[in-house]
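Below: one structure in structure tokens.
Order of writing sets the chain letters: A, B, C and D. Residues in each chain are counted from 1.
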């Protein structure tokens, strides 16, 4: 059955599998201390225009959020996130499992607002009892957000300024970063992210890799003994070069951007058809995720032929569904979906 | 300077100090395994009409919340609380420090609503991704709440029913329980609490003791090796009989209720005057805490003579302040305050 | 350069890569809820003669030890292990990071002794203060051990009996299980392990897979909401079918056993030569790891041509080194090593 | 029945109870922000000759060990302790509950040896895999030890030197510090401890207080937001002045030292009689704890009249028992015990 359920339903870009096969018998040292990881890190440093960056490779998104947030957030502090943030909702308490509270701000199409963040911090430090409360230590944003939306450069700069003012770290979850960087109309580049965040990750799992997320500390200020912390979180892959190999392949010849743009274009085609045919887009999104509020009968009819993502009940007869394209989505699959709509 | 800042600004009921002095040289076994604790527990069992109850004595409120919630909440679950709940706001992340997420519901004058709790749980289990989310495992309520308000018997029974339906434990934080049980108009008794909760505590720190909270498992189903868990949380007092002695003294001759009622009466006197003199009560509360929205000039004038509690900014020229009476408040102090108002 | 440094220096058995390539474009549901995982689990259930077993797939060894031990060990308890056990030494505190103490017994060539375990527990419960101590809740053994040694069936049965007597869970770390099951002279089968342990895992990372460990609860008594706990530990792979596919491939046509036996045979060839040429074997091991105590000059000479594992200083002029074969070791590599020795 | 079971079986020095009674109605601000705590801290700073010291007051020993070690030990590190150390054996896993491993060294009459500590660290950093291991971050010593023994000044200085060399913090558990400072023949003063440790605590629970331990950071380098960390550990007493009052009383007129010396003298009297009557002292100890290896019949006879502490089985017919004097031990009690021996 056709699936537009998510962007992690297929394997990897074929060039990755080819390289895996070609180097399968090569003997590598373990835990990421190999030449392939070094080469991949160097490519990423260049792409971010962060020549000093410390780049590490982890396996999955929740694991990365957990490991990074725990490592950079002081013990008396928590992480500020949109109430819809992945770390707040869909990580089974992975952040709290490392003893940090998630402090929530109301989301605006998945994003937090710099002015609201500033007010939150101002109110916090104005409270006579703030020493009895969890300090805002790290700010977590996802770009694209869980709703497929994007921060503008102005918005990122405003968040950075608030973080500077209140001594907070800015961490950007880029599980779908490729789709954000190649979206129509975005003014945010990878270099901007390298300049404005303290740490971010470039998602591989959802953008062309079998698995893998590249964590970047652009100012080369990873926490002391970060490798040990990765190990302690159960997040250190024995065959680390498998991660390096995938990112090295994705970051050669602009492949990461090319395949991400492809998914956005597929989404744009579908969005156009949806609009033409009178579907209700729940919100405007420029990336590979499309949210539609549909009546339940239409959903039932569609789901006989295609798997879609369930988001939430809209009302008694309507539901918000997600259509998600990916680097692996083919033109034929898009045609098939359009025929069904 | 006069203080109506909180209800833990004085020592203990004189009968406690007298008994401490009288038995100071007596040799007791450690860690609560003494006769005094046993006698206090028995008095509490009787007062709760829970003859099988397991009663333990801890030192402070945050410590008790942390130890109990951690002990009764499964590792895949969090604790549901009002967003204003002490565990969510003023415990410096003590709950998350034991790896449990605080899941918040909007408060209604400090209380959570059973229908909203039911909806929360229904929505949770209807979500296709609920296994990626923190389960609602324990429900935390405070009675009186942080705003001095009280649940009605109907409300408690409705919460109990929702807990039963969704397999959740009901934990009642009774840091100020005495003030709640003796409030004008309440229809909730200690026996009701014994019948309707899985575990609760009777606050001593704020109601007549130097320190101490009595944790009650009315169905005698404390977690396995609860003493070891108390120790592991650093919460096991070496000279445990000091806790037993205080509760044994408070629960003889109805002393706990008598001294709590006294504080409520003092608050009632003050409230009457406030109304007569046109002050704005922020909300109606039947216990020892009074919240007033005052203009900042009045506050400045008052604070030259009396310490009040700061709650939050109301607007640019007004602030919500708290007047808090206690078991130790004297008629003279009330007179003095009234003279100032 | 030639490497006999470890058994995770190469990719995967070619049949895995072929299948990855063949099914790369197939769309799967996420998180292990796919048919491939189901098929792999069924093959493993059959191989273990545990038709009711609950089988889960995780990515790496430390991650698996952390997630399983945390999930099965009560909060008042720790995990008993050999002082040389991986969980005690080489996991950067991953077990303690989940709040459980590692309680150590002296090792005997990497193994713990059932009689010593029984004495440990007897002494523990005889101590008047045992409620102030960490209870022995889970017993961790590795098979093969970190020293390549194996438990006999009698030894496993004796450990099982002690666990039963003191209410402990028995967890077997099978990171190198294939090498143990196919060792010359072992009388322990996979079915025995299914019968005698509460939970164990079948190592893929070191035995033919790119990565992956198959956790088996032979009595189908995985902890409640174990999927949620896996997620909370950051250990839930988005593309779960990648794990299923690897184990499904390894467990067809006895492949797992065949490739493991091959590594043991390579080790046996090397061991014979070492003995003939007068090398000092540090201890007798029947699996793919060989420990030799060598003078430092010989080591320096060898390391110009081959990477070996460093274990520990023996004395001022000698060092214990490890020669490790793997499923991927070729006859030519063995010949080359023998020529060097 | 007479008890020499421990040194926390009685209340507090009478001067403390008197002062509690005298100031019972005084209104204090909460959480240790009061004048009494400030005065007590100042007295302690003077006694330690550490004019810059940051002094905090906690309730109990395990709580203090847990809070301090967690606060000062980096996340990639553990705490080195004697295998007999309280944190390793008798705190129910309180240290691991905060995610830190206890790394053990063999004890020598309860003490660790600086040379062995140096070797441990040297071996650690020489291991090629040390990044996969728990770093030695903090060194925990107790003075007196759990066996009543004392470090010499030379030994403390040697430990300090090793800590400096390997970047470790030195933490001294002074639960019984008074008994150590006033022991016959000790050359270690409170000023030495202030000079040589990074943090230590002065035990009140076992030396004249109802409860309470004074944590001292002699270099005024407490971890950032240490008050918040105390709160997060459930260790912040609401009526903080109760702690200040006790230490202020103990540190006036040399009272802490005087009452501790009294206990040592009582122990010395008992020790003399034990030697005269041919009892076997398990080890030589200069403080208030006496360990005797006794045949089980004698023990049974004695225990009809006096409670002693059980330490461990010596052999099938003998047991190591503890006789513990305290600040509260009277001459009559000593006479009574001597008559029984």
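What we mean here is this: contacts are C-beta pairs under 8 Å (C-beta built on N, C-alpha and C of every residue); 3 or more make two chains touch, one makes a residue touch a chain.
Chain-to-protein mapping (UniProt): A, B, C, D = Low specificity-threonine aldolase.
In this text the structure is predicted, and so the values were computed from the model without any measurement.
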Required minimum of steps from subunit B to subunit C, each step between chains that touch: 1
Given subunit A and subunit D, the chains that contact each of them: B, C
Which of A-C and A-B has more C-beta pairs touching across its chains: A-C
Chain whose mean Cα position lies farthest from subunit D: A
Centre-to-centre distance between subunit B and subunit A (centres being mean Cα positions), rounded to whole Å: 42
Computed distance of Cα centres, subunit C from subunit A, in Å: 33
Of all residues in subunit C, the ones touching two or more other chains: 76, 91-93, 97-99, 131-133, 228-229, 231-232, 236
Subunit C partner contacts - residues on subunit B that touch it in the complex: 70-71, 74-76, 99, 131-133, 135, 223-225, 227-229, 231-232
Complex contact set, residues of subunit C against subunit A: 2-3, 5-6, 8-12, 14, 17, 20-21, 23-30, 59-67, 91-94, 97-98, 205-206, 210-211, 228-229, 231-239, 242, 307, 328
Partner subunit D, residues of subunit C touching it in the complex: 76, 78, 89-93, 96-102, 126-129, 131-134, 310, 312-313
